[in-house]
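Okay, so here's the structure we're looking at.
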């Protein structure tokens, strides 16, 4: 039970129902509308959901727990390759999805070793190197991975549905499950612990939180989500090769995370929509599209540090649009909680915090 | 008649508007607007063939018009536009004008896949003609097969042996095999190879494995693999030099080819070096430009005749291309897609008024007995599967003269020795 | 063997110079500059344009470096300082944004074709101990060494000491009257000029294109990390080690593995010896 | 309504002791053979700036390794135990500058301290098992009770970042109490607090500690607070203990007056 539900607030229960109802409407629409669309639009929506799951993993890692690990594109690829190879060996798609997720969780969890020793950029670079080792494995995997030439993905299909729609429905179900679990985690003990580790690791330690254990879990969980995204991505693209999981993909993930709103639960969804729509929108700009993309990224970081998820709160507190948005927001029943947390800027992180408050003691040291 | 896709922008704008509302429902908003945007298009022709109306035939392509391969992509785009213009100015095909939708993929593989999906399922093109980007294109085989849309003349992937895919020109592997045969004829037996760590390197490995054993005494003395997009080729060239080869075959992007030639010059390694059309960029400056004087004597493969050639076919193209206002109109890439689209139109003409998929298949698979000869390309002689969809696997070899900055053909269209 | 080592020292010097640039910027403004290679490319493209305008190579390079330094100061003033102390993540992401925008701008201005930036010594070789050595290799290695020494010396001048003071403790430095914005601008100027030198040397010996920085960024960052983001000398040495390891791997094991082996070795060194190649690293990192 | 947090810890009195602890950073001898022991109730640790008070806490929490000596927590040597293990063995502390998650609510911040009390695992909690729900409610009630003692129940749903620094310090004390530890180290809890916040703190601490076996050690410059609250006080100067005893004894001690209090204090200024 989320702790804020324990607070006396007459409206809260009503708001929760409104929220739940709008969520159910949304999911129903997502289940019913896409079959009527053409396969290109189905592809784009599926891609958006795949991106959302993947970025959610990165959010748990970076946005919630403050671990600047950059191995996520590699883990994403690992999910894609593992599931594809398993399917080639006669596995069903859904078992391969789960095993790919769990297998990648174990491998992704290995990044925790540098994470326990390093923080901040050292971890970033070490994990980046880890990711490039993973991609090198795809490259040098011989006939198992198809090497640099890539691997054709055996695409699974429900009878009576097209390939794209089959992938879409599995992706939709995965997205809903992942976000429901993440929502629970975010508002329960796990979320509190993760935020404590991110902002005040030392306070977490003296509160008796087993930080190492949590970090191991967070790295593994993030890798699990990344790999699920990767496995679905492979089904969607039907052909995978190592370059697809290079640093460019990592940059895309970071952009989705921070533009959507790191640390906010729904940030990854906004980020994914943005990434997909943006590419569509900028198509006709030719050579200028990369420039616009980069400048837009700079602009958003500069003026909207909480990402798009913080936009409603921003508008609400601003004078002009405030009243209108407040009205809409209360009608749709978005809880105060989400915006309050989403609105706060990106975590200040990185290098472990100084322990000693008394400058007279003159000692600075990290948590062992 | 060229159109840029109008409702892509409209749909995206609608989606962005929905997004700005800022609620979770934005996701839904964008999807529903997508549905309404495309629904009108799909309902227009239910029984007839996609992309065909009473007065137009719509074809599509995805090219790397921006990004790392922009020079090639702009040339490929130019050829399609020039051919379309020419055909429409001369009455079109059986009275129908060609409408070519060309999308930019920025040489990003996932964009190529998305573009092909858009062309087929949203823009309802009749066929994909001359798309580029070998690895991304391979990611669309499955989708194309399900959609049953012909893919005519994709630029240099290997043959997927699918009923709807027709390769018109020699693949990379076939070109490299021709080069191996050429070296054998010259009495060169110690062959070295440098490939990139992707499909480019893979095609070279295939060529070496298939063709070298056919020449007694020939052996591969060095076989180096470069990381993708490296700028440091020195270790690979040094390893090649230490193996003391008599000839070198390169299969990398053309910047790396240039760097390898330059490094060879620096190290005093003066042996014949060969790269296929994509890598040597015959007719362009991609590889030989940066190499400078070290590119003298460099051998390049040709899938299509040199753009400077004086044959009738090339002259006709050149007259058109000189009118073209965009970039890269006079490049070899332009000539290649121009010729391939001409061949596609020839198939349409031979089909008469029946544009059905089965008639396309029948007509194209029958080209073996009555090939299309356009000049500039070897005869296009498709046949039934399994091997018939590589419609022409002959290639030329040209030599570069660094002082005059020109290529000249030293061996005409030849197929690999079987 | 000797040849591989010399080639390794050459590519290592490119990494070293970029790593030194990363360290300088990190020291003064606490920003991991992921745009370092593309910012350096601005200088290289400017130098190319000056050479094309028939200026002597040396003059063109100096003007290119000055242009790059100015560009660095502008980026610092216009973008980085505005973000202030918003934390590492936004700044990191901002430099990624700068990098993306710059690559696109360079492509738009100078095109996608590879260009040749020719120095007087380009394509000239010398025979030494039975080996053929390129002049550009010798020039690159020597320049790297000179810059490493110069930067080390710089950190002992007044301005350098200020920069170190800022690196040690920003608020304390402010208290004793160091103008942090000025120090930050100085660091971005010098850092970008050093990066431009790296990219000029690299593109002079290969080709100049808007993607030339991509392959250098990760090794440079690994080198900077190995130096704990604090020691220019450590970054310089680490860059050379990576370059030599790459070339030896390429020569004796496999060219396909050359990039990854060097990375793995450095990361293993970090894991076994968290202080990296320098002693001061430990103290800095755990602050 | 949950019972007072410290009551669950049994009758064994909480205690903490430093045995001949020395700490040096380079040539700087910060602690020089410090021997101290505190038991149940309120204890004070005072001394001038730079005397080594916070270092004593850091040694006890396991953040600074002493060059010699040991720390005993409830009679047990904790050498070799990590900071987390020491915390789980019953040691809680606060910091001079409050370390809260500013974007979480006040209540959530206090709940961070209840980590050790959770019996149901995360999976059960995510799946909303009845036992996990009941437990969450109980812990929330207990945390609310703590906040109420400090007069903060009204702020429970607010973001911690919106609170004044003084209130944040109270929240941090509440979080430390929520761990239900036997030993509580408070590092300058009243520094920077308004008079009303200080009295809220003192009242709350009184209510929660009276009648329990909790051992509280307070580092504080507000001597009035120390003298009124504590039954035992130790004075640290240049890394050495120069006096330990009841507040009355300390006030009389000439060494203390010379080193720290100044002449005015002893005369009741």
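So that you can tell them apart, the chains are marked A, B, C and D in the order they are listed, and the count of residues begins at 1 in each.
As a working rule, a contact is a pair of C-beta atoms (placed from the backbone, for glycine too) under 8 Å apart; a residue touches a chain by one contact, two chains touch by 3 or more.
Fair warning: this is a prediction, and the values are worked out from it, not measured in the lab.
Visitor: Just to be sure I understand the contacts, which chains border both chain C and chain A?
Guide: Per touch definition, common to chain A and chain C: B.
Visitor: With a step meaning a move to a chain it touches, how many steps does the shortest path from chain C to chain D take?
Guide: The distance in steps between these two chains is 2.
Visitor: As a quick test, compute the distance in whole Å between the mean CA positions of chain A and chain D.
Guide: So the centre of chain A lies 38 Å away from the centre of chain D.
Visitor: Taking the mean of the C-alpha atoms as each chain's centre, how many Å separate chain B from chain D?
Guide: 72
Visitor: Using the touch definition from the top, which residues of chain A touch two or more other chains?
Guide: Counting only residues that touch two or more other chains, chain A contributes 139, 287, 289-290, 365.
Visitor: Touching two or more other chains, which residues of chain C qualify?
Guide: In chain C, 107, 256, 259 touch at least two other chains.
Visitor: I need the residues of chain D touching at least two other chains; which ones are they?
Guide: none
Visitor: Can you identify all of the chain pairs that touch?
Guide: Chain-chain contacts present: A-B, A-C, A-D, B-C.
Visitor: What does chain C use to touch chain A in their complex?
Guide: Residues of chain C touching chain A: 32, 79, 82-83, 85-90, 92-94, 96-105, 107-108, 218, 221-222, 224-225, 228-229, 256-257, 259-260, 263-264, 266-267, 270-271, 274, 283, 285-287.
Visitor: Give every residue of chain A touching chain D within the complex, in rising order.
Guide: Interface residues on chain A, with respect to chain D: 1, 3-4, 6-7, 9, 181, 184-185, 188-190, 192-193, 195-196, 198-200, 202-212, 263, 337, 340-341, 344, 353, 355-358, 360-363, 365, 367-368.
Visitor: Would you mind writing out the residues of chain C in touch with chain B in their complex?
Guide: Against chain B, chain C makes touches at 3-4, 7, 10-11, 107, 112-116, 118, 123, 125, 132, 134, 202, 206-207, 209, 211-212, 214-216, 246-247, 249-251, 254-256, 258-259.
Visitor: Which residues, counting only chain A, touch chain B once they are in their complex?
Guide: Against chain B, the touching part of chain A is residues 22-23, 26, 29-30, 33-34, 36-41, 43-45, 47-48, 139, 147-150, 152-153, 155, 162-163, 237-244, 248, 266, 269-270, 273-274, 277, 279-281, 283-284, 286-287, 289-290, 308, 311-312, 315, 325, 328-329, 332, 334.
Visitor: In the complex formed with chain C, which residues of chain A make contact?
Guide: So the residues of chain A in touch with chain C come to 62, 68, 113-114, 117-122, 124-126, 128-130, 132-133, 136, 139-140, 247, 251, 254-255, 258, 262, 287-291, 293-295, 297-298, 301-302, 305, 345-352, 354, 364-366.
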